[in-house]
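So, here's a batch of structures to check.
Below, subunit A partners subunit B and then partners subunit C, in two separate complexes.
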Partner chain A sequence: MFTGFDFDVISRSLPYLWQGMLFSLGLTLLSMLGGILLGTLLALMRLSSFTVLSAPAGGYVNLLRATPLILVIFWFYFLVPIAMKKITGDAYATGIGPFYSALIAFTMFEAAYYCEIIRAGIQSVPRGQGHAAYALGLNYRLAMTKIILPQAFRNMVPILLTQGIILFQDTSLVYVVGLTDFMGAASKVAQRDGRLVEMYLFAALVYFLLCFSASHFVRRLQVRYSTGR
Partner chain B sequence: MIEIRNVSKWYGEFQVLANCTTRVSKGEVVVVCGPSGSGKSTLIKCVNGLEPFQQGDVVVDGISVSAKDTNLPKLRARIGMVFQNFELFPHMSVIDNITLAQIKVLGRSREDAIEKAHALLKRVGLTEQAPKYPGQLSGGQQQRVAIARGLAMDPIAMLFDEPTSALDPEMINEVLDVMVELAQEGMTMMVVTHEMGFARKVAHRVIFMDRGEIVEDAVKEDFFGKPRSERAQHFLSKILHH
Partner chain C sequence: MDFSVFLQPAFSGGGTYLDWVLSGTKWTLLVSILAWIIAFIVGSVLGVLRTTPLAVLRAPATVYVEVFRNVPLLVQMFIWYFVLPEIVPLGMGDWMKTRMPMPEFWNAVLCLGFYTASRVAEQVRSGIQSIPIGQTYAGLAMGLTRGQVYRHVLLPMGYRIVIPPLTSEFLTIFKNSSVALTIGVLELTAQARQISEYTFRTFEAFTVATVIYVLITLVVTVGMRTLENKVRVPGYIGSAGK
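Up next is the complex of A and B:
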């Protein structure tokens, strides 16, 4: 039944697709890293007893979580150049290019989700741990970095990774700003050679295999963590 | 050494501490007892500012806990505290639990801190456990490590918040023994506990709390001999005769 198909198109375009995959993985890892850093900061702000810190963080998280990712990507792609022109006063300023605008968009979008995960993680550490840290004379920064956050992150590893898998799938959206990630590469080959079905089947299979095995790994990790104590 | 002056505290409408006043002098051992929910744990946590309070003041070694310009971390570093649930840091080895604050707060060198930690572990009888993690120790051992962790800061006073309440019965004595020894060496101690044997042995004064009030504050002999309040008599009759 596959007589009309040409699966050879896959092997012919493998090097190109590999480039796209490297881009996808790179973008995922970088925005995960940035998202977790920014998310931690937002979580600490949200948990602060000072309204000047908690209110903006709460507003940010609620705004981003109520916005479609694709819209955030567009914002940063189209609005950053305009903002740069206004700020620098240089009519020929070109913005920061599609890659960095996508990276910033993903980092800021994911930070909102990571913030909520990390906030829950911090709250899962028993209150007494903070008391013990403060009773020893540790200040807020030391208590957080040495006592609370290490324990919180240990509890959170599985769910942070799961969020990373979702992020990996979401990076396929960058084709809307003309970037060639794995999805973009597959799509370009498909259009060029007129082999839409083959390429999209292949792309689906690759995404499925990667994400499924990653989820499986996370599940095993989760079991090990929960039996570890 | 520790002066608690008219301290009151509310959770919303509910008053947990009502006008509490007492003091712990240098070298004195004061036991705080009372039914659960009487505010005794809250009171002891006010001493190092872990629990904020709305009225009154606590003064430790001449420094007010509630004053805006007080460096609380610095003050807390001088007061050791031992918790009901031990609260050792589970992601650190025993030795790291005892050296962390020495290094980060007191600025001691790693070598000095480790030396101090080993000396204290020896004192609480846990020399072998230094490289282990808290999860590998029994409750009694964990609590003794927690005492060593507090002592490592060379505190001017030690606070104990129900140190034996979470322990299996057979482990209570190993912890009490360490505390008795500490008391006999002249450490200033404030101890929330139901262990009346400990109180009889080393306490100078006993405070009885009920519903957020200090109902009785008497020298040990008077407290056990002839408690003046009915509530204290009732409480004692319940915990002593069974």
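Up next is the complex of A and C:
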């Protein structure tokens, strides 16, 4: 079955694939960071007792969670250049390049998912902790940053990382706008050399090994975090 | 904003752009629902296998779940469409390449179905495992066989417990069906993009597609919540939520 295979095409294109992998990893890490920051903000808004804050955050999260990621990527590819023209006032502004457009799309999309994780995390901290903080005279900002969020994030680390693994798999979808992430690089080599079978199987193997070992690591972390508390 | 663009005759002749939207919606629903049927059946079998005491049955199900969960859907889509016809026996490969009806559509359905099956399996497994082990022992003590314990004790409870997580998997399948556009299925997202390319009415095209996805989500959520309330075990699980 593997007799007609040309494994040389893989070793030949390794440097190119490595560039793609760096793109994928960079996009994953940066949008994870941005998504968690924005997601925390959204979660605090959703939990706020002011409707003027909680309603828009809730609407945003529900809208993004109902929309396919591919459509969100298309949306931001279309919206980011328009926004750039508005912001810079330059009618010929050409946008900020494909990487940053993708980064904004993934950050905005993941923020909705991270928001729900973080909201659950904040709600898992016993109410008494917040009351105790207020009783000690801490204001909202101090109670959140010093008491509630540190405990919430400690509980959430495994699930935030799991979402990061899903995000890493999802970055392969930048293929639809022609970017050269790991999958994009693999598919470009596959089509150039007519070696679809080898390249796609190799891509699947690489993704599997990375995601499998990462999720194993998260599972071990989960065991460690769930004990000793 | 000018939504009258959807009433204009489409570039291809015959019909309007609205017809493109409707056709896209039809394919999104078809792919998702057929894939869901596969996912539900295969996922249920795998989920049950993962809870059996026999390692011989557990191991293959575990391998399946790990493989299908740890490879991105896009890569799986390409493997079904580009790789599979090359590595199956020659006669079947030739059939897949030349005579298979609607190969994009059926490969997308199979891919999405078997991908989602791994996620359904995990939900079914955790649903069954959340039932106190005493119920299994009680069933066995009353003389039921293991098969009967599953049939009469574990599955009727397990399925009711997993309705909320299965709802979110069912919603995910509609969104994931958009990945089928990469192998050429003209579903909703693909049609929206096509309309934007032909008319330059990008905002309108994407808005309509987004609204349709939100409507699908609403309908599915309401439907599943009704089902959840209907089959709820009194006093066992909390109410269907807010």
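Criterion: the second predicted complex is superposed on the first by the 219 of 229 C-alpha atoms of A that agree within 3 Å, B and C clash if a C-alpha of one lies under 4 Å from a C-alpha of the other, contacts with A are read in each partner's own complex, and residues count from 1 in each chain.
Everything that follows uses one rule, which is that a residue touches a chain if its C-beta (ideal position, glycine included) is under 8 Å from a C-beta of that chain, and two chains touch if they have at least 3 such contacts.
Small disclaimer: the values here were computed from a predicted structure and weren't measured.
After superposition onto subunit A, the partners subunit B and subunit C occupy separate space and fit alongside each other.
When the two complexes are overlaid on their common chain A, residue A:128 makes contact with subunit B while staying clear of subunit C.
Of the two partner chains, subunit C is the only one touched by A:187; subunit B is not.
Once the two complexes are overlaid on the shared chain, A:42 sits clear of subunit B and of subunit C alike. Once the two complexes are overlaid on the shared chain, A:197 sits against subunit C while remaining clear of subunit B.
With both complexes superposed, C is the one of subunit B and subunit C in contact with more subunit A residues.
Once the two complexes are laid over each other on the shared chain, residue contacts for A:136 go to subunit B alone; subunit C is not touched.
Contacts of A:68 after superposition: subunit C is touched, whereas subunit B is not reached.
In the superposition on chain A, contact is made by A:151 with subunit B only, not with subunit C. Least inter-chain distance for subunit B and subunit C in the combined superposition, rounded to the nearest angstrom, is 17, based on C-alpha atoms. Across the superposed pair, subunit B and subunit C touch subunit A at no common residue. In the complex of the two chains, the subunit C residues touching subunit A come out as 66-67, 69-76, 78-79, 82-83, 86-87, 171, 174-179, 181-182, 189, 192-193, 196, 202-203, 206, 209-210, 213-214, 216-217.
Looking at the complex, you find that subunit A touches subunit B at residues 126, 128-129, 131-139, 142, 146-147, 150-151, 154, 229. Those residues of subunit B that touch subunit A in the complex are listed here as 45, 48, 50, 72-74, 76-81, 83, 85, 87-91, 100-101, 104-106, 135, 149-150, 153.
Every residue of subunit A that touches subunit C in the complex is listed here, in rising order: 1, 63, 65-71, 74-75, 78, 169-170, 172-173, 175-176, 183, 187, 190, 196-197, 200-201, 203-204, 207-208, 211-212, 215.
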